[in-house]
Amino acid sequence: MKYIDEYRNPDLVRLLLEQIDNAVSRPWTIMEICGGQTHAIVRHGLDQLLPSSIRLVHGPGCPVCVTPLEMIDRAHAIAAMPGVIFTTFGDMLRVPGSHQDFFSVRSRGADVRFVFSPLEALQIARDNPRHEVVFLAVGFETTAPGNAMAIKQAATEGLGNFSALSSQVLVPPAMRAILSSPDNLVQGFLAAGHVCTITGLCDYFPVAETYGVPIVPAGFEPVDLLNAVLKVVEMLEAGETGVVNAYERVVSRDGNAGALRVMDDVFEIADRTWRGIGVIARSGLRIREKYAAFDAERKFDVGHIEPKESSLCMSGDVLRGILQPEACPAFGKQCTPLSPLGAPMVSGEGACAAYYRYQRAWGA
Amino acid sequence: MKYIDEYRNPDLVRLLLEQIDNAVSRPWTIMEICGGQTHAIVRHGLDQLLPSSIRLVHGPGCPVCVTPLEMIDRAHAIAAMPGVIFTTFGDMLRVPGSHQDFFSVRSRGADVRFVFSPLEALQIARDNPRHEVVFLAVGFETTAPGNAMAIKQAATEGLGNFSALSSQVLVPPAMRAILSSPDNLVQGFLAAGHVCTITGLCDYFPVAETYGVPIVPAGFEPVDLLNAVLKVVEMLEAGETGVVNAYERVVSRDGNAGALRVMDDVFEIADRTWRGIGVIARSGLRIREKYAAFDAERKFDVGHIEPKESSLCMSGDVLRGILQPEACPAFGKQCTPLSPLGAPMVSGEGACAAYYRYQRAWGA
Amino acid sequence: MCLAIPGKLIAISQEHGLKMGSVDISGSVTRACLEYVPDIQVGQYTIVHAGFALKIIDEAEAAESMQVWNELLRAEAEERSARERR
Amino acid sequence: MCLAIPGKLIAISQEHGLKMGSVDISGSVTRACLEYVPDIQVGQYTIVHAGFALKIIDEAEAAESMQVWNELLRAEAEERSARERR
Amino acid sequence: MQFECPLPQADHDRVQIAHGAGGRLSRELMATVFMPALNNPMLAELDDQARLILPPGRVAFTTDTYVITPLFFPGGNIGELAVHGTVNDLAVGGAVPRFLSAGFVLEEGFPLADLQLIVSSLGQAAAKAGVSVVTGDTKVVQKGQCDGVFINTSGIGEIREGIDVSCRHLQPGDRLILSGTLADHGIAVLCAREGLSMQMSVESDSASLNAMISAVLEVFPGIHAMRDPTRGGAAATLNELASASGVGIVLEEEAIPVHPEVRGACELLGIDPLTVANEGKVIIAVPSNGADAVLDALRRDVHGKNAAVIGEAVGDHPGVVVMRTAYGSRRVVEMPLGEQLPRIC
Amino acid sequence: MQFECPLPQADHDRVQIAHGAGGRLSRELMATVFMPALNNPMLAELDDQARLILPPGRVAFTTDTYVITPLFFPGGNIGELAVHGTVNDLAVGGAVPRFLSAGFVLEEGFPLADLQLIVSSLGQAAAKAGVSVVTGDTKVVQKGQCDGVFINTSGIGEIREGIDVSCRHLQPGDRLILSGTLADHGIAVLCAREGLSMQMSVESDSASLNAMISAVLEVFPGIHAMRDPTRGGAAATLNELASASGVGIVLEEEAIPVHPEVRGACELLGIDPLTVANEGKVIIAVPSNGADAVLDALRRDVHGKNAAVIGEAVGDHPGVVVMRTAYGSRRVVEMPLGEQLPRIC
């Protein structure tokens, strides 16, 4: 697999580990923003291989984890309405709302389908003109252009039975929120490579400057990740701040102008609640007024939603890197992948589930 | 079973057979109008027990047999419309239209349900406010009052999602049609006891008088049937005509005034096609203008219906008593209960099916 | 057509404004609309067709004709036994 | 977030007015919308996420950094074998 | 690192797709619902197959899938029905039922409490019939892709030495014995369906008949044919016997036992009890010299107390079943066409 | 008066409710669809049960219900799958598969032509595997109450003398051998589903493995455990083996064979091939001295040509399956939770 296999080369991994080992002189705490990177780190056991003085903490870059409970509950309520075909990425099916997950909603008679692409949801709308097809548009900047294209295309085709429930979030405001927290421990970032593919790097320079941290956009393969860790460590050791691209074959300084244009046409920036974290100003995307007809939130009145979070769950701290999942008192006890209390235990990339799945000490 | 068992008493059957045997001096052809009576006659083998000089022929008294193909096709077309729950008596499910039966319609995705009472269809309409519930209102004067009540009640309750497809027929016009046919063989009638329960006997006096035949309303048990045959034979032998009631515990001269009133409120008399026979003037009931909102024929536009009858089927002659089913060249060959060419092979009471089921010579 | 079976009314009720009843047919109980037999009393027999009671059975008429037949049967039986005795 | 996999564009088509393509990922072929990589040519590699191609992979950049690493590896191997020879 | 987590909070009272996916929830379902109800050492091994020890000799093997609406009906439920039907299919072949498999298809969203009832009822019926459920399978399909629960049971039985019953062994002169009233099951289930407002005190006859049949074979091993008149009713079974054996059958209408309530319902609905399914009846063809012994043995069993001779096999009209009415007339009893539906006409 | 009428004109190209009602249409379906495809003398007897002669000894008995969307998928269909799965469940128990039952649930309206394809494919797969379908059953449910066709097959096999494989017999030091590439079936079926626009040339691996397993047992009868990694994939099977035997398992990530196309699809969809179903693979636990012989025997069979040692059983971490990565790190391979769904994140 070109552009995958060579970045999994064990010799290169060893080489980079040696270089990191040589570069590091004292403990550093580095956050990988992206859940996909968390997943790769744990899948390949990279954290076991890094020097113990480097601590990787897992950021809030998982839409499954951060989509606010209110939005999940709203999605469940819309899905349960008669005549609705509710579509969502497979990732979202098991995410627990206040009362249930999408499987429960479906098992009570709703028509819930997973799609791999927002355009599939559009096709379902074309194929089912007598139904309302609703798409749960979650994601970060990587996914938002595709979601935007689906909405724009529905408008172009006049597909009045299609609408999207938008719960999209932006990375830089979340980084600022983490860095400005008084108990912040994060000293450097691996930035989310595929987010940067769309956005480019411009938004990251001021973050690095304001908070005095190194930010290194990284890929998702072991070599990419270790190369990025190496770059962060080198900058930290040298006392440097700024943005250094470690994923140059995919990330460019300016990002994808066409994608940004469509995103901006369809969405506008708004305040947004992050599950477990709270409201972050100007950290989300909402559907613009001109596409209101395709906004499921405006289209379906589901009455008052009163989300009920678990009081045990410390996912807010986990998502900000303050708490390692194992340190949550509920981890592996009241909270497991089979009975998740918080979103990070649900997603394959949720920090808590990743720990539970791959790292729980055997024999324990 | 009170009012059933005593009328199946073998001793009484034997007694009445003896009396018939004593009364008869030459061949007579008698028609039982009602398919239910045909069924009972064949089920109990009464025709085998009667003197050979008495020939019973089977009349058109089976709504399954005489509902016009155009109406069946229309019903199938409505049933296939999305959002429709189509309800019908179990009898109608296998009746073949031009292309299919209701099972086929259902197997292609339609929601077709059988009901035992028109009021059940009404209940389905109450329970499924988002669906159109259509009831196929077939039947003779016995069934029409119930059908009328369902429509009237839907109007009272304002059940806008209920409608009926009316294909109801009246017995006396059919008797006149049979008797005025140049090739008529029928010399006397067993009239349909349960039809007369509703209508009373007034309509039958002029028929008897005009055509000079004895008409004897009969019940459905062996003793009732043989008693009625005895009465017809006695009248024939004596050269008498007129109407003599042989089902006095259930049939009164005036019928059921309340039922007639509701029927008249909801339905009006209209010309009607009888399957296999053709149009008989003023022989059907159609929904009055004031209940138009509950008339499925007016409510659903199914486009042009072009029914296709089998060219082999001689059901018209069978239904008028001119032809015994076995004499139809297709009987038991191209036409069997599994692949019926005409309606009389479909219903358990259809003359052809009754012959096929109970009387086909064994070993043949 | 018009399969209609005699049964005994065992209860009367009201549903959606319609007079309804429970009719016992040899132990099986079916629901029937009684609007067309408004005067029926519990204990009386009626003919039920497609969920509607259509007629209160005239028990006197039934008993009368049955009595005639039974007398004929008795007479016949006597005659036969007389014949056999001969 | 943002599972995105590199694959080679093998065909371009048009659907509902959108530029679409077939992307070969190790022999599996998936359909992706190409609207965000309007200049892509068949034969080029792209990153696919949720049914959308997001970027033409910069093959020169990739080759360059890979070359640096491979040289490091070679140097390291030479050094090691030199050490072993000593 | 055994899995010790609590049950899923999300929806632990309903079947989920994951219950059938072969992972943890599948195991949980096995441990909490199936094992306790069906407990036996062979099943407990949880291998992909059960290992049985059978004595040398002939073995009977049968299968049936049970699909019924409603799942719970007067006199039983799909769980016990799935045992009775398969046990009876073995027993009517002259075999001693020994082992069952049980394959469940569950609809996503089905209440686990109902499943528990069904499975425990299946387990009890198996225990009562003396058979062990030794291997099983559970699949879960999406909401709307099955109707609650379907159950397949397959059964293995040991064929007794010296017994040779078959539907091809009917001979002219054989007496046809029916073990009790006809149509109880089918009419009870029909009346339990939504919409049809019929009440009956008669329940489904659903029962395992292997003990009764054992007793019969003990008193008269020379039985020619046995069959349980399930789908299609006695009409189908008798037609099959006549046709497979190439003999005629003559039934006596008055001899056929039908419960008065069932008869009433059949008259009202226009349904012939001969065509209605039974789940706890057997039709036995026995040479005339064995009829009394068989009848006595049947009547000693609770499931056979209404047993009666209902007709006999004849050399005439091979393959045809004929009913003699109380009046001496005759009619053909045809193989039923299909589902029996209530009629109004 | 045998029934000789033409097929129903009404809808003779689709399954009707009456096809399952035990009457004439049921018989027709049997005669025109099932008998020709599954032809064998035991089935032809049409009794309620098949009579088998089994040699004395231990017998294996297994059941599985097959529910799959789509019914026809690259590399197979539900008919042959229903044979392969049950044959394999017998074979992995060390038994010689001999007899199958087949219980069909059909949806009203299902095209008879498709049914014919499925049944004949089932018949061919049975013939190829050397098993006879000796008893069967067909039920028809209303449109919308099942998803086209469900098939249950139960199987009886003869357990070989001197073979004692069980999922509880895994021992530290045992080599774990996988007979070929993982995840072919599950990914091929997933890609064949409507909506998911993936094309692959890889087909389902659906196949009967009894011949291959026989060859393996011949060269090395001392195999400890065998299991086919179906639902839940190798992850589920390995966890079951570890947990039932109370030993640990260590896998070598680089040794696990996955077809490049399947790997590509798994990367794109975010699915771990270890958790994906296979229908023509077996995992064999063999003492180290038998590993080469078993590997050779597997590789001589077309279904085992990619066989590989993928790990071994260890005394450490009992019940836990551990993956060693190419980099020397280790992670736990958990029992999968449930259905594997494509992810975008």
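A, B, C, D, E and F label the chains in the order they appear, each numbered from 1.
Going forward, contacts are C-beta pairs under 8 Å (C-beta built on N, C-alpha and C of every residue); 3 or more make two chains touch, one makes a residue touch a chain.
Quantities reported herein were computed from a predicted structural model and do not represent experimental measurements.
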Clusters that remain linked by touching, subunit F excluded: one piece
Length of the shortest touching-chain route, subunit C through to subunit E: 1
If a chain touches subunit D and subunit F alike, it appears here: A
Contact-richer chain pair (by C-beta pairs counted) among A-E and A-D: A-D
Rotation angle (°) superposing Cα atoms of subunit C on subunit D, nearest 5: 180
Longest centre-to-centre distance from subunit D, chain (CA-based): C
Interface numbering overlap (same over half, different under half) for subunit E and subunit F: same
Between subunit B and subunit F, centroid-to-centroid distance (C-alpha), Å: 55
Geometric centre distance via CA averages, subunit F-subunit A, whole Å: 37
Whole-Å gap separating subunit C and subunit F, where each centre is the average of the chain's CA atoms: 62
Centre-of-Cα separation between subunit D and subunit B, whole angstrom: 76
Shared-contact residues (touching 2 or more other chains) in subunit D: 1-3, 5, 25-26, 49-51
Of all residues in subunit A, the ones touching two or more other chains: 1, 4, 35-36, 62-63, 89, 94, 116-117, 120, 139, 143, 338, 349, 360, 362-363
Shared interface positions of subunit F, touching two or more other chains: 1, 16-18, 24-25, 142, 144, 197, 260, 263-264, 267, 270, 317, 320, 332, 337-338, 343-345
Contacting residues of subunit B [partner subunit F, same complex]: 94, 96, 100-101, 103-104, 106-109, 332, 334, 336-339, 360, 362-364
Partner subunit C, residues of subunit E touching it in the complex: 191, 197-202, 260-265, 267-268, 270, 343-345
Contacting residues of subunit F [partner subunit E, same complex]: 1-3, 16-18, 20-27, 45-56, 58-67, 89-90, 92-93, 95, 99, 101-105, 134-137, 139, 141-142, 144-147, 150, 152, 154-157, 159, 166-168, 227-228, 230-233, 236, 240, 243-244, 275, 277, 317, 319-320, 332, 335-339
Subunit A to subunit F touching residues, read off their complex: 1, 4, 8, 10, 13-14, 35-36, 42-46, 48-49, 62-64, 89-91, 93-94, 113-117, 120, 123-124, 139, 143, 222, 337-338, 347-349, 357-360, 362-363
Residue numbers on subunit F that touch subunit A, as the complex places them: 195-197, 248, 260, 263-264, 267, 269-270, 316-318, 320, 322, 325-332, 334, 337-338, 341-345
